[in-house]
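Two complexes, one shared chain (chain A), two partners (chain B, chain C).
Then we have the complex of A and B:
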């Protein structure tokens, strides 16, 4: 009896250990990710949040200043100008990018040499930005650029592409479009490939033309991919830094100083508390804009 | 037998463990409070030969190559020293590196204009510099001194000069020796335009950072700066008004070419004779040597005109020094390197001597160490791109006249967003000189100097 009891106890104990091991295993599997996430995402976010309530300049102890940084930014014309610039660039880039990318993706769906076209389209995305920006500066130079040369050769007035507030935004937007539209096309081509061919066939049998097929089949069935493209485009524009930094330096008259470039200024100026507050405000705004875009597209999908 | 309480891995335990691992992992190293600020660097031992390894950052481009050769002269002298010489975009990378404390170099080249912004992260070199103080150009000693502490090893002096197209000026019948005042320069520009109607002879800088630096050169020439010795804002003053009024006249009379330094418009108009007069720092000479084609050999340099007859004909535009971060691993060794480059004859003659980029020697600036500034002992040769002109003599003469007492405020770099931008608006005809000065003063006072 005693032996039986001992054997049963041993079995139960082994079972318990196995159960405990099984319980611990999932945690151990996710541990590497959790550690990396905690170190490189969670900690910086919480640290930035803490910094946003201080006037830390990179040295010495943190001095809590409450909401002073947020108050300063929300009443600063410079902050709102940078947000307005990013907003203007969003309007110039994202709708045009979506339309262009969808048109090209649909046109390429049945094209021969799709692989070749895809490679050509993604090329600007993988080309070093600084090299491309230098070409942009030369192309859009007011006096000696090829673009103005082309305009004047057909009798049109030349434009201060890099020297006037309005056109400098257009020049930066064109560079962003040139660089990122190929990536959006690749995403949409992947989305289009998931639409079954028999849906189009059925529509054709029912007498639907190409235009009706596009609006009634293609667009609704790639809405999720379009949402993704819009969100990525929104994030790209509101974090835009390198393009205006290299092409215009944020000028003329700070007209192309985007939210990303304004944020960078705080860092180079060692105004880290202000920079952290700025990035928090930016996160909230980008999140709101992305959610609004998704909701708009989803409502269209639902309808 | 293991008890459940000892083996179960609760969520709380897991997160607590992860948190502890993060802290132990050294994230605390970049936490606030770990920087001591401008800490004094003690005198290095002169009896013991230096040894060890240091990392030195220099600006990408021509100067990296120049310093690479000069550093080799140091390591040849001290074979036990290994120097990791790295080319980086210092203006973009150094401030963030100093703040994070990760990967901090032992020494770095840095713009004087931006020095005050990073001063709390640098070693105080006052004790080490003390013995050299009488031999450093007073202007330069002033800009590397922040709150009474010398925070950088003063390197070069960049006197402003008037560069002009000798061929066009001669053709127009203008005597370069007559360009002694800015009014005379304006008259010369009008004369040139009469002969060449397409000419817009005077350069107008359109980059907001460089425009601010440029205008400060004109102000420095008049003994002024953005702030006075007491730290009070002096931008809304006669010296700045003189400069902006003159620039506005150049613009309104169509006598200026608005362009960004070395951008396509700038180079094309310099090459094709649209631009004839460029009042700029000595480092403008880089363009005729490396960038201009058609006009190479046709440029000459002379002293800047004066703002009033008999006034100072020199001012400074830019300049750089060497900084030793407070978190450097081997600051004493970095000091020994910079002491060699700046204050030893062997060092400065190697820096300014012949190299691959500048076969006749580095001629874009002159040393700020006065014993090196002998007009009869040139460190670089006459320049072919200036028609064989002896730029050394012209630059040394100007360098010795630079007014002292110039203070760079801690917010100088940030002021570009206000003053630099407003100057751009002036040059585009969107603001008057008075509007630029009053608006900039208000903006700087409110955003950069107000109660923090």
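Then we have the complex of A and C:
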């Protein structure tokens, strides 16, 4: 009996020593992440919040100006134009992307050579954005570009892809769609793969056609993935920077000056307080849009 | 779906995905005049390396490659070691402060990175880091997404496996290095591919953080070339400029495409894993 308790005691103390070591370990493991995170994510966010209430231009003391930056932005036509431009691009990109990606993913689900098709579809996603943006300038050039060359060779009128306000948005949207739709397809493939086959089996026995199966099984069951695709698309579009920066420089006549490019303008103008306020408004916008999209898609799920 | 429609659709989608890439590479080997006059023809007998030669004279693309390589290697290594490490702590330990910390990680995932642009730039200038490698490497290294993702992957490891190693007297770091890392190798491969592609293609931060050519990454260098063209600074010789641009874009695309061809399985698996947690 005595030996037994002794053994338990030694085991316990050994356990305690091990526990102490185990206690320190997780802190050491998260430490590098926490350090970088604190220094280059958390601190800058609070700094930006503070800056947004000042008229800081990059030098001198911080002068608190209260809500002046926010008031300025919310009454500035340029700010609203940049938001409207991002909104227009959202409309051009996100609904088209969701429909295209879902159709392609459904087609891909039972296809042969799935690996080959997926590889082709995801390839644009890995290409260097800046390189492809340059290719876009050349392909869509009004006078010498291959796209207009192709259009006129089949007897269609040529288009001012980069020189007219409306088409410039379309050209930028096409680049975003081309680069990111394959990514959405792969995401949706993952979502589709979680739907058990016997659900379709049962529907078929009940006499549901392909179209009915699509609407009453596939769409509701991938709602989670769909909302993920929409949220990622929303984040992408409202942060759009490199595409318009390289392809159009925000032109013509600021027609493609997205929220991201407008933010960048504050930096080049050294209006840093104003820029910080603009960032905060952008965060609110993106969060609101993402949450609204999720809410909208989830409500379909419940009904 | 009828199979004609299915394969028709997939083929069209596949062709559209690849066409701009193939067009870029094919055209980079054609003369400027040909790119414009015959954009869709490709005559293997007429190929030329002129565009590549004049591109090498116009931009110091070697410097761009070197800078990008430095950033990719260091930033990539930090991410590949410390994301799984933090993920391990979140997945397999109970410690005070874990909930708050993890909630913070989740919130950051939703924040647009553009928000950080201005304050980070100011932070860099306070530190005297503008136009340095530190500025390119540290912000964005060990990112919250990687930590979150690795946590999900490590959650799947059975606790018994770790406890058995503990009974055998293995230290926690040992357990991480010789049990956790080998087990999650597929997840690590996917994280590696995505990390490489993201860092290689990063543009917004490098364009803001660096003002001198010595530290410009490849992508920033390329965009400067495009800007010169838009503002007409390279003169009226459009045809030669287009050829150079296509040559530079092709050269910049090759490393990612090589990685992609060999590791696309991991990439696709990685993207799929990323969505299932959604």
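Here is the rule we go by: the second predicted complex is superposed on the first by the 266 of 303 C-alpha atoms of A that agree within 3 Å, B and C clash if a C-alpha of one lies under 4 Å from a C-alpha of the other, contacts with A are read in each partner's own complex, and residues count from 1 in each chain.
As a working rule, contacts are C-beta pairs under 8 Å (C-beta built on N, C-alpha and C of every residue); 3 or more make two chains touch, one makes a residue touch a chain.
Since the model is a prediction, treat every value here as computed from it, not as a measurement.
Asks: In the overlaid three-chain picture, which partner chain does A:34 touch, first (chain B) or second (chain C), both, or neither?
Replies: Both chain B and chain C are touched by A:34.
Asks: Thinking of the overlay built on chain A, is A:67 touched by chain B (first), by chain C (second), by both, or by neither?
Replies: Neither partner.
Asks: Is A:156 touching anything from chain B or chain C once the two structures are fitted on A? First, second, both or neither.
Replies: Neither partner.
Asks: Chain B or chain C: which reaches more residues on chain A?
Replies: C
Asks: Taking the superposition on A as described, I'd like to know which of chain B and chain C A:91 touches: first, second, both or neither.
Replies: neither
Asks: If we overlay the two complexes on their shared chain A, which of chain B and chain C does A:269 touch? Say first, second, both or neither.
Replies: In the superposed model, A:269 contacts chain B only, not chain C.
Asks: Check the residue A:78 against both partner chains and state whether it touches chain B (first), chain C (second), both, or neither.
Replies: A:78 contacts chain B only, not chain C.
Asks: After lining up the shared chain so the two structures overlap, which partner does A:282 touch, if you call chain B first and chain C second: first, second, both or neither?
Replies: So A:282 only meets chain C here.
Asks: Per the contact definition in the header, classify A:191: touching chain B only (first), chain C only (second), both, or neither.
Replies: The second partner, chain C, only.
Asks: Pick one for A:253: touches chain B only (first), chain C only (second), both, or neither.
Replies: Only chain B is touched by A:253; chain C is not.
Asks: Please write out, lowest number first, the residues of chain A touched by both chain B and chain C across the two complexes.
Replies: Looking at chain A, the two contact sets intersect at 23, 27, 34, 39, 43, 58, 137-138, 144-145, 249, 267, 272.
Asks: Within their complex, state which residues of chain A touch chain B.
Replies: It is residues 13, 16-17, 20, 23-24, 27, 31, 34-35, 38-39, 43, 54-62, 76, 78, 137-138, 141-145, 163, 249, 251-254, 265, 267-270, 272 of chain A that touch chain B.
Asks: Note which residues of chain A are touching chain C in the complex, please.
Replies: Residues of chain A touching chain C: 18, 21-23, 25-27, 29-30, 32-34, 36-37, 39-45, 47-48, 51, 58, 100, 103-104, 106-108, 110-111, 115-124, 126-139, 144-146, 149-150, 178, 182-183, 186-191, 193-194, 210, 224-225, 227-228, 235, 238-239, 241-242, 245-246, 249, 260, 263-264, 266-267, 272, 275-276, 279-280, 282-283, 286-287, 290.
Asks: State the interface residues of chain B toward chain A in the complex, per the touch definition above.
Replies: Per the stated touch rule, the residues are 1-2, 4, 7-9, 11, 14, 18-19, 21-22, 25, 27, 32-33, 35-37, 91-92, 95-96, 98-99, 117-118, 120-121, 206-209, 258, 263-265, 268-269, 413-414, 417, 421, 424-425, 428, 430, 447, 452.
Asks: Chain A touches which residues of chain C in the complex?
Replies: Listed in rising order, the residues of chain C that touch chain A are 1, 5-7, 9-10, 13-14, 16-18, 20-21, 23-24, 27, 35-36, 39-40, 78, 82-83, 85-86, 88-90, 93, 95, 98, 101, 104-105, 108, 110-123, 138-142, 144, 147, 166, 171-173, 176, 197, 200-201, 203-204, 207-208, 218-220, 222-223, 225-227, 229-230, 238, 242, 245-246, 248-250, 252-253, 256-257, 259-260, 264-265, 267-268, 271-276, 278.
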